[in-house]
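Comments concern the structure below.
Order of writing sets the labels: A, B, C, D, E and F. Residues in every chain begin at 1.
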């Protein structure tokens, strides 16, 4: 069963491949179950709010914070 | 931590901005935590079922009910 | 209240219509509540991982397993 | 893959058994995939809000509406 | 339809009542739809990870950071 | 932002600690973002359906399959 849902920003297929590989390995070892399902959700910055502001608006206003 | 996921119909960025602002304020006050994350999910009417029918089909057939 | 979220592959509207109808009937009978909401989520194969690999990569490499 | 998450009120194991059987059959037929996972979530009435009120409070105040 | 799922720490019923009231009001106004459903999920600190550590362990080790 | 939700069976705190550590490391490296939130959900076997049957019933009937 174990199913992992990941909510993050959009990403390219290379990073998806790496993310799935690494999360699945970690979960498989801890659960002792090999059949891990991963669902990657890509959230556009206008659909994410942090501290009351859209991520899309925060990006415009700042020169980039690395700790979202 | 608190994370709010909102499942609703598609909406423009002005309304997303307002939704994030208002939900975050409400949650921040009740939890006493300022770091609120909001994820807005926009569900097209052909991906939503209400009472056994697709919202896309209900809209075509009716002249609009306001209480979905 | 009951809300059913279905995570699966992309599908055409005919199948969505059928899925909503059948899931809603089943849930309505078991819960004894008619107001069932269904949210269908369509996951592209490059956003799904099974056993450590992207579904998009598994499809290319194999001649198709029917039990995913 | 298909995974069905059901958000509803608490229920006994007989009804869970029936719910899983019926939802899985429906999804398996529509998707053409037999490996359906179902996760049942039981939400206590004090954790559910409808129209701005806790379900726990609505129940106390009314003599019961059957259409939640 | 709109459904709001809130992932946060455990809380008492007074705060749940307030949270549901405020989130529902905000969503109802922005969406122009009164039928808002809210599901509150209470996550115990041993089931939440922040920056690689369980919240349960962070609480023990520190004298409390207020911005989680 | 990235938030990881893990649906699995109940587990002890040692394994939760390990799971959070490993999933967070993997996600932090792939996303290049250190602030990873993990939510662990523990699903009792009577709330999980696989292939139309409750996990609670499958366990009783079989002498254990290791690949769930």
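The criterion applied here is as follows: a residue touches a chain if its C-beta (ideal position, glycine included) is under 8 Å from a C-beta of that chain, and two chains touch if they have at least 3 such contacts.
These figures come from a predicted structure and were not determined experimentally.
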Where are there more C-beta contacts: E-F or A-F?
A-F
Note whether the interface between subunit D and subunit E is symmetric in residue numbering, meaning over half of all numbers used appear on both sides, and answer same or different.
different
Centroid spacing, where centroids are CA-atom means, of subunit B and subunit C in whole angstrom
21
I'd like to verify one number: the distance from the centre of subunit C to the centre of subunit D, where each centre is the average of its C-alpha atoms, in whole angstrom.
16
Touching at least 2 other chains, the residues of subunit E are 1, 3, 7, 19, 23, 25, 34-35, 37, 39, 43, 48, 50
Taking the touch definition from the header, please name the shape of the chain graph: line, ring, star, complete or other.
other
Can you name every pair of chains that touch?
A-B, A-C, A-D, A-F, B-C, B-E, B-F, C-D, C-E, D-E, D-F, E-F
Footprint of subunit A on subunit B - complex, ascending:
13, 16-17, 19-21, 23-25, 28, 34-42
In the complex, go through subunit E and note every residue touching subunit C.
1, 3, 37, 39
The answer for subunit F against subunit D in the complex is residues 7, 43, 46-54, 56-57
Tell me, which parts of subunit B touch subunit E in their complex?
1-9, 11, 15, 18-19, 22-23, 25-27, 29-31, 33-35, 43, 48, 50, 55, 66-68
